[in-house]
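In the two assemblies presented below, subunit A is common to both, partnered first by subunit B and then by subunit C.
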Partner chain A sequence: MSMSAAQGIGERDPLPHASDHDRTALSRERRFAAALLAPAFLALIATTTFPLLFLVWISTRRMDLAMPFMDGFVGWENYRQLFADPRFWESLVLSLVYTVGTVVLQVVIGLALALLVIRMKRGQALFRMVAILPVVLSPAVVGMVWRSFMLTPEFGVIDYLAITAGLGSRNWLGDPTLAMVSVIVIHTWQWTPFAFMVLLASLASLPDDIYEAARIDRANAWQRFIRITLPLLRPAIVMVVIMRTMVALTAFAAIYTVTTGGPGTATEILNLYAYRKSFTELSLGYGATLAVALLVLTLAISALLFVIRRKD
Partner chain B sequence: MRKARNIAMFLVTLVFVVAWAFPIAWSVLNSFKTERDILAYPPRFVFEPTLAAYREVLFGAQSILPNLWSSMVISVGTTVLTMVLAIPAAYALARLRVPGRRMTGFYILVTQMLPPVGIIIPYFLLLRNIGWMATYHGIIIIYLSFSLPFAIWLMVSYFEDIPFEMEEAAAVDGASRLVTLRRIILPQVRGGIAVTVVFVFLNAWNEFLFAVVLSGNTVRPVTIAMFNFVSVEQTLWAQLAAVSVIAMLPVVILGIVAQSHIVKGLTVGAVKGGGRR
Partner chain C sequence: MNGMSFTRRSVLKGLGASVAFPLIANRAFAQESDLGAYQSAKIDWRQAEGENITVAVIPAGYFENLIALAPQFQALTGVNVRFEKVPPAQIRQKAVLDLTAGTGTYATHAADPMYYPLYQANGWVDDLTPYLDDPALTDKAWFKPEDIVPAWLSANSIDGKVYGIPYDGEVTLQVLRKDLLEAKGLKPAEDLDAFLANASELHAPNDRVWGTALRGVAGAGQNVYIYSSLFRSFGGDWLPGGKLTVNGPQAEAALAWYVDTMKTYTPAAAQNWNWPDIADAFSQGTLASYVDAHSSASVINNPEKSQVIGKIAYARWPKGPSGKRVSSIWNWGFPINAKLSDAQKKATWLFIQWAASAETQIRTSYRFEGATKRSGVNRLSLWSDQDYVETVSKFGDNFVEATLTALKDDTDVDWRPRVPQWPAVGDAVATAVASALAGQATPKAALDAAQQRVEGFLK
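On to the complex of A and B.
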């Protein structure tokens, strides 16, 4: 399970004593390779790099779909506005709360379940089957199902359970705090199986004899977990944390379907704010500036996580 | 003592199986209910099943058949175009001496990390300016931004598994590179191609953000059309359940078919998980 796929490609010898014949063969191989790569490469430049440059350009302009006559270059103005925008800082905090909350829950629950299931002699197959269901679903459909059949007051099953448990009916998506909890739970529901599957696979590949040795040394279950299992699982856990963090930071569909960022701005993570600014408030210039901020945030966090990973 | 612990463990795991399966199972149950059974309190687990909701969403006034068609065209189109571009590129990256191969690999990796919200604004303006708003080709080309890096990386991992001797033997026989690729290499990665096709289709089917902004009314996929059944005035619960189940069905089937490859599909290349998100 190599993370750094760029290193996964083996280098071949560059032919130190190449004859003329080899050299023509090499240049022919290169031309062939370039021809194979070019279409995909051009498609990627057109659909990712070019739009990205365009985005940066848009972020230096005023561009309001509602007031097209006001369009024009404003330089750093949008960025100045960004730093002075309390809604931006709040959305940043919400992004961090959402991301940290769901990633911690996913890893803790996923790991606990993997540890339980690995010891099961029967029924592992059923577990794997059930775990696949949430991760293949569209987050938009997941959001819709939760919002309507699980969380609707008095009608949704969660609310029914809350009433039965004596907690009373709650406005799960109408109360600012509960709404945030709800969207975190929904994301965690959908993606914990991912952490579970990766960690289960990693657990299954651990050698048995280390545990035998530990048992002979009379280590108890907790010591075995802390001293043996956890260090051995560390690379897998770090990988899960990195991957889930990137996805949680850019989560959109489920939150949009469930709360559209509301009530008010209670679940408006940076991602949602950039969207709403651009396509609800039709302010594309400033929306692009928020998108650039999101991009910088994503890159910074991924760089940070990769540095942590390299240190291992 | 040991037995009690085993039972406790069993119960905990059972709770989680139920927690994962329930929202899906509950949608399926609800889709077979009448509107009255659905609104019953406490929730009803035993009821007389009916296909009324399915009949209505498929053949009624707000039929989602056109949206299913859109989802299908977009997903199949994206899959075909992605594979045509990704297979040669992945082969070159995995097997040939390309100048700047590491840089190219790294570039593809970085493109995979772009947050979709970060690039939707330029797409919106670009498609509007060239008149490709609400068209299949517009959406399919934009879906390449996430499907192509993913497919290239997944295919690279399959090409790397083939032994070099195969190509060398073919080269000695005087076969041209293209013939070698088609006759010798591609049959070896048939399984890998199938898995990649499944995942690309799945991601395209599940996509939401790009579709919401760019699909307009003409090419609107199911994931967006389900909003038709929820409005401020009223929600058509049974029909909403039926649409959800219909939207889930293809990806659940594909997911179960590709079961043993899911972990690989979700962790390939790095940073991005499945589904757009």
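On to the complex of A and C.
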């Protein structure tokens, strides 16, 4: 039986007539496996779990670098302040507008592109390669390019197009509504290729025979899309929505480089507000509370989406 | 075992050689005669020999010049100094993180004068007055602290105690297109009304010349930098009766003036501009005037980029309705991190004294070999030094007179509220100014909202 022990920890159930010697060898092996796992496990706890718990701990304290003499444990006080803070609710609404706006656009445009490209006989590979380029760029770089090269009034590409189209020059990042539209468009521009690639792959795997049957039944293109394509793509779409929602809720770099939450607070989503509280106003306790609120929100929305997915 | 110890010894030897080599090289580079001007100071420059210090600075010409001279400092003192360049947007946060953690990573850093109240409240930096008063550390007759621009030194002081020694600084001025003014027979503005009248005369956006520009982008050191001067020249007071106040009739009038001026006479994009963008636009000939730091003169006189060299004139800030001129002032000063060992503190003080001394100021300005000549020297005496005046006079008409008068007469230590909560307060005001400019709120509503936030910080 020493053979079976030597085969590794996968062998969990020694035969009934196994000797004591075998059992000791097995438990020794398990301990050895645990010892091998421990460093990675500890590193994981030290780098993820501990900071998270520390964040929650700080959120129950007043920790204000500008007024260190006031620091101390305050319990729920930060959370009470949070619910009474109008700027928190505004940033929450902005986060939701931003997330819903960009995710809907990503899925719609991504699906439309996928439907177009799936019929391409030649050049599909090239198109896919070009389309993926924005995804590999750093969001901070994307933000800088859009801010200076695309959106500057009088000088930027988008503004030039707007003037040429007869819309006149617009202050894209200076007007509160246009600024929000701009940051949504920037995020959509960067991440639509992700939705496109996933949906293209799912489209390619749809069975042809259903479509043939539908054609025989004289279903037109729209009916085929609504009744066949969409329902079959549903799991893929829900998956894309889940993944993109989590990222959009916690977006930071592109907005930070483009508007820093401005003009005023017009694009200050929850994440940026938490950053500003913590690192500009140096109010780390309340900043941590905002971060915890964002964490809870992201978890809640993701859980909801997963429930929807499971119903499929 | 024998082999082991042999290896260790040879490794140590190698390490020793690699440390010693740059020292020898530096000695060779900085000739003895170079140091004579420093060695006339009656202190022992080598009292902290062998110490290592790290200094955080921003990547700017005036610090590059200092870094280029660092081998001379090392030859003079035997202190090894390492520089770390951090962009201006991040240096405050990096410094605060280092100071909170108490790791003493940066012996000193280029500090924002508005942050000293915060540093002092936390005991993060040392009071420098004892260093200045200790004859073993400072030869006052040689260092001449009274020659350092008093407006900057007092901006770095709290209750008469100095927390940072200014190295480089600025004062804000009107920067004007002399040729455009003369063509219309106009004079530099004496007050804000005349400033708008000039801007209106010269405003011709169809010919791609806008009347003026002010910093528009939100930030305690950006739009608030200019807005605060307006607020004070409209008669505003940040701390009436000791209570921090950012709203009120003077604040509303000042903000309304700022918003109207920006909306009427500046390019729409200026809403997102900081000073480099303004100076770039001016050097391309698209602005007839702007109000910003005197040190932007080096940008608009850059022969590779500027199209307006020889057409530039300067004037002091226009007077506000209160009859006061309030120039925005700024300096990068060096504090001493309180978490250092005593020996490191000595080494750091020697570095600060060396960097802020008249001799180093000269060597990094007009006697500097490289292309960039500093205009933000920290010594009043230099402004009457013939060689220096000759160098900076090339920036345009009235540059020396306007700068020197502004430095002496137009400044006001409390032009921004010096409180430990400044990072938060400055951000609240910046947001208010930006949202009024974006048309999100009226000046009154924006400032009232800011006041509410400020009261929240002080609770």
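Assume the second predicted complex is superposed on the first by the 275 of 312 C-alpha atoms of A that agree within 3 Å, B and C clash if a C-alpha of one lies under 4 Å from a C-alpha of the other, contacts with A are read in each partner's own complex, and residues count from 1 in each chain.
To be clear about the criterion, a contact is a pair of C-beta atoms (placed from the backbone, for glycine too) under 8 Å apart; a residue touches a chain by one contact, two chains touch by 3 or more.
Everything numeric in this text was worked out from a predicted model, so none of it was measured.
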| item | value |
| --- | --- |
| First, second, both or neither for A:113, with subunit B first and subunit C second | first |
| Touched partner set for A:124, first subunit B, second subunit C, both or neither | neither |
| Subunit A residues touched by each partner, larger count belonging to subunit B or subunit C | B |
| Partner chain(s) touched by A:155 [first = subunit B, second = subunit C, both, neither] | both |
| First (subunit B), second (subunit C), both or neither touched by A:279 | both |
| First, second, both or neither for A:141, with subunit B first and subunit C second | first |
| Residues of subunit A contacting subunit B in one complex and subunit C in the other | 154-155, 279 |
| Touching residues (chain side subunit A, partner subunit C) in the complex | 65-69, 87, 147, 152-155, 169, 171, 173-176, 179, 260, 262-266, 276, 279-283 |
| Subunit A to subunit B touching residues, read off their complex | 1, 3-6, 8-10, 12, 14, 26, 29-30, 32-34, 36-37, 39-41, 43-44, 46-52, 54-55, 58, 109, 113, 116-117, 119-120, 123, 126-142, 144-146, 148-150, 154-155, 157, 160, 189, 191, 193-194, 197-198, 201, 239, 242-244, 246-247, 249-254, 256-257, 271, 274-275, 278-279, 284, 287-288, 291-292, 294-295, 298-299, 302 |
| List of subunit B residues in touch with subunit A within their complex | 9, 12-13, 16-17, 19-24, 26-27, 30, 39, 41-43, 85-86, 88-89, 91-94, 96-99, 101-102, 104-109, 111, 113-126, 141-142, 144-145, 148-149, 152-153, 156-157, 160, 177, 202, 205-209, 212-213, 223-224, 226, 230, 235, 237, 240-241, 244, 247-248, 251-252, 254-256, 259, 262-263, 266-277 |
| Complex interface listing, subunit C residues touching subunit A | 93, 96, 100, 118, 121-122, 217-218, 267-269, 271-272, 420-424, 427, 431-432, 434-435, 437-441, 446, 453, 457 |
